[in-house]
Amino acid sequence: MNPNLTTLTHVRDGKPTMVDVADKPETRRSAIAEAVVELGAEVMARFSNNEIQGPKGPVLQTAIIAATMAVKQTSTLIPFCHPLLLENCEVRIEATATGVRIHCEVCCTGKTGVEMEAMTGASAAALTIYDMTKAINKGVVIQSVRLLSKTGGKSGDYQCSP
Amino acid sequence: MNPNLTTLTHVRDGKPTMVDVADKPETRRSAIAEAVVELGAEVMARFSNNEIQGPKGPVLQTAIIAATMAVKQTSTLIPFCHPLLLENCEVRIEATATGVRIHCEVCCTGKTGVEMEAMTGASAAALTIYDMTKAINKGVVIQSVRLLSKTGGKSGDYQCSP
Amino acid sequence: MNPNLTTLTHVRDGKPTMVDVADKPETRRSAIAEAVVELGAEVMARFSNNEIQGPKGPVLQTAIIAATMAVKQTSTLIPFCHPLLLENCEVRIEATATGVRIHCEVCCTGKTGVEMEAMTGASAAALTIYDMTKAINKGVVIQSVRLLSKTGGKSGDYQCSP
Amino acid sequence: MNPNLTTLTHVRDGKPTMVDVADKPETRRSAIAEAVVELGAEVMARFSNNEIQGPKGPVLQTAIIAATMAVKQTSTLIPFCHPLLLENCEVRIEATATGVRIHCEVCCTGKTGVEMEAMTGASAAALTIYDMTKAINKGVVIQSVRLLSKTGGKSGDYQCSP
Amino acid sequence: MNPNLTTLTHVRDGKPTMVDVADKPETRRSAIAEAVVELGAEVMARFSNNEIQGPKGPVLQTAIIAATMAVKQTSTLIPFCHPLLLENCEVRIEATATGVRIHCEVCCTGKTGVEMEAMTGASAAALTIYDMTKAINKGVVIQSVRLLSKTGGKSGDYQCSP
Amino acid sequence: MNPNLTTLTHVRDGKPTMVDVADKPETRRSAIAEAVVELGAEVMARFSNNEIQGPKGPVLQTAIIAATMAVKQTSTLIPFCHPLLLENCEVRIEATATGVRIHCEVCCTGKTGVEMEAMTGASAAALTIYDMTKAINKGVVIQSVRLLSKTGGKSGDYQCSP
């Protein structure tokens, strides 16, 4: 077998598999993921002012709740993710010039990291915003779902390149 | 109230709400969404040849299955999505120069469209690929989750701009 | 067997069972359930003014979303409920002198009614309000979860007594 | 901001949020919630004698099972509940003069309490009893879902007022 | 490609896929599956007499409920199963000389059959009986989960060979 | 009460109940379950050669993924199972002369064992193989779902008799 492949952790003997974390220590973990949603001019016009009190309020609050609930479902959505006991999830959504930027931060104490939880939460918030604005603009695009940073675990801390 | 806001279908009296589809006719619906995943050089080197027999096989097949199962969970993930009876879901993943492009096509006969199902399936496939490659490269980025096209329903057919 | 028992529809030969709806026609159904939550003076003081923009906003909006999502999970929570295709769910929450009153209205076109969906949604909204106020007052009480009315189906319309 | 609002733990900057429990110690927790269901004379006549062997048997056993399973789903139903590892759940249902009284006791060792689990279990049992008796009496009312007591955690023990 | 493989309906171009049922007519479908559980002498001694009132009552009633709820989860458990609107599910459990025989009958009106629902329900009942008796005998074996018969659909009726 | 019944751990006072594990220590646990699927000659002919690259690839890989995801859902499927934090799940499927043999091995560190997780995973893999081959042969039979071995916990190690 090509030794380069040994780091593809979820493949063993040509078959997909879970990664065994039984012997890893429990440590504090955190991860922050980002999703950027390009809303287009027509949606942005409606979102221009009152972030919480105006129409943006319900949309963004629904997205925050959808993200938090999706974070808790990560191990049922991603086939080889381990279940874990989420200790915190904080979702922040801020306006950009052309849309919104979602930050989803997840923390737990466990044997494996929470990168997938943060990525799943950011994606769910973005999908919810798409759902609630698609009657105005079906061309809304979710861009750049990515990991911004993580802490904890054997692989150490990570910070995305700027 | 600002009359411009009447098209924000999921907000009524400043509160989020489901859209009433009781009086809509049942019609055949389809939607295709796309997600592009930028894998980076190190992952691409491992994915270079044997799409099915090699390491790419298990990763992409896992992504296809995750997408299909997520499509069926759409109405439990997106707060105001209606449940529907999925009739088909086809996920195709093709290599690009720098990663993979996921197409998720969903069909049903119902009172509301399947755009969210297609978007959710494409996102789940992308997240699964992130999960299975993140040990090699945490900087994998999901780009451009968007609706390519839809057919059926009162709002008619849609084709994304090129 | 006592013939009086023949109307206990979910019991057959001393064992619990689903009710067979295969031969019932599909008709339009609706149901409205109510839950009343007694919040106590300390919580009410915080809820006194700005229903949407103030602290009450996030609490009630979270309750609306929790109710909508629970309605869609009714058949997975109540053992012998049939799954159905929800067409509308509208949750309204209004202040009373001592707490809040939740109305959860559900509609579908199907072979069985949506009473349980409306009751489950009202309960979920009430539980969510309990969750978000219990740090202030653990003595919050959910009172009077009940069916206000239903329409459609062989058993006809129902209106609760005043 | 009004300092009185600082105890509304699930609201931060006007948005709903999870409570961070990462720094709390793991302790033994328990909670008991109660739900009272008023069944009405017609249902009570059928429930009069054989609590286990008669028709009441399947109804109450179904309610016990529904409660236990709902307790395990609490964090997927209540948006900002933390997942936890349930160690015990005991549901007892006793007849009253006019209906039934449900006790749902939940235990775990964790960083946050199990009040919501007990409240959710009691509600699910009550909803299941409603479902299985509604063919006889749609006017069945769930009354007084409330926390009877809790132990463990920083906020200490709690006993409801009589 | 080997033309013999064209009937492997869930594989297309070497990848797993859902079967497209969009063009199939809605018809009445039913399926009955069976699971046989060999309990061993020690468990059978406890199950010998009072099927409903004795200890067998709670075990079998729990199995019936678990089966009914699993039937409703079939499309979330089996990756390429279509969701459908279950109209009836009847689970019967009868004693054999050495264990129990479970019959799970499922009905719906839809575009695809309910064989998987019946098989999944029978398996869930069997697993639940294993769970509730394993403290006495870990050697309990689930045998012969199989389809007894089906009706409806293009492939016609099926009866298992004796 | 008959003292023989004291080992039926899930029955208390004639009602089904969860087993209290609060006072048990956390220990390393593992369990291996097996399911044997008899496929019949027509299916076996299609499965004869290329286990991974050929048509068997997608079927078996789908079964592996379904098993892994079902293992994580065990406590939502089996009414009195405790939730636990799965640390590893390895599914192996090997050809026999007349079908396939599934091994599902599950590990966790917790207060209760993982026998039900292993049994549920093996069953889900078998059901998935049934689903994907039933168009060729509805007479496929799942045989002999059983526990092969377990380690850890107060009841000690277990090895099935040969």
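Each chain gets a letter, A, B, C, D, E and F, in the order it is written, and its residues are counted from 1.
The definition used in the following text is that contacts are C-beta pairs under 8 Å (C-beta built on N, C-alpha and C of every residue); 3 or more make two chains touch, one makes a residue touch a chain.
Quick caveat: nothing in here was measured; it's all calculated off a predicted structure.
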Chains touching both chain D and chain F, listed by label: A, E
Shared interface numbering between chain D and chain C [over half = same, under half = different]: same
Furthest chain, CA centroid comparison against chain D: B
Inter-centroid spacing, chain F versus chain B (mean Cα positions, whole Å): 31
Whole-Å gap between the CA centroids of chain B and chain D: 37
Where chain D touches two or more other chains, by residue: 14-16, 52-53, 57-58, 61-62, 65-66, 69, 73, 76, 79-80, 83, 85
Category of the chain touch graph - line, ring, star, complete, other: other
Pairwise chain contacts under the document criterion: A-B, A-C, A-D, A-F, B-C, B-E, B-F, C-D, C-E, D-E, D-F, E-F
Contacting residues of chain D [partner chain A, same complex]: 14-22, 75-76, 79-80, 82-85, 110-111
Interface residues, chain E side, partner chain C - complex: 28, 52, 60-61, 64-65, 68-69, 72-73, 83, 85-91, 107-109
Interface residues, chain D side, partner chain C - complex: 4-5, 7-11, 14-16, 45-46, 53, 55, 57-59, 61-62, 65-66, 69-70, 73, 76-81, 115-116, 119-120, 123-124, 126-128, 130-136, 138-147, 150, 155, 158, 160-161
Sites on chain B touched by chain F in the complex: 52-53, 57-58, 61-62, 65-66, 69
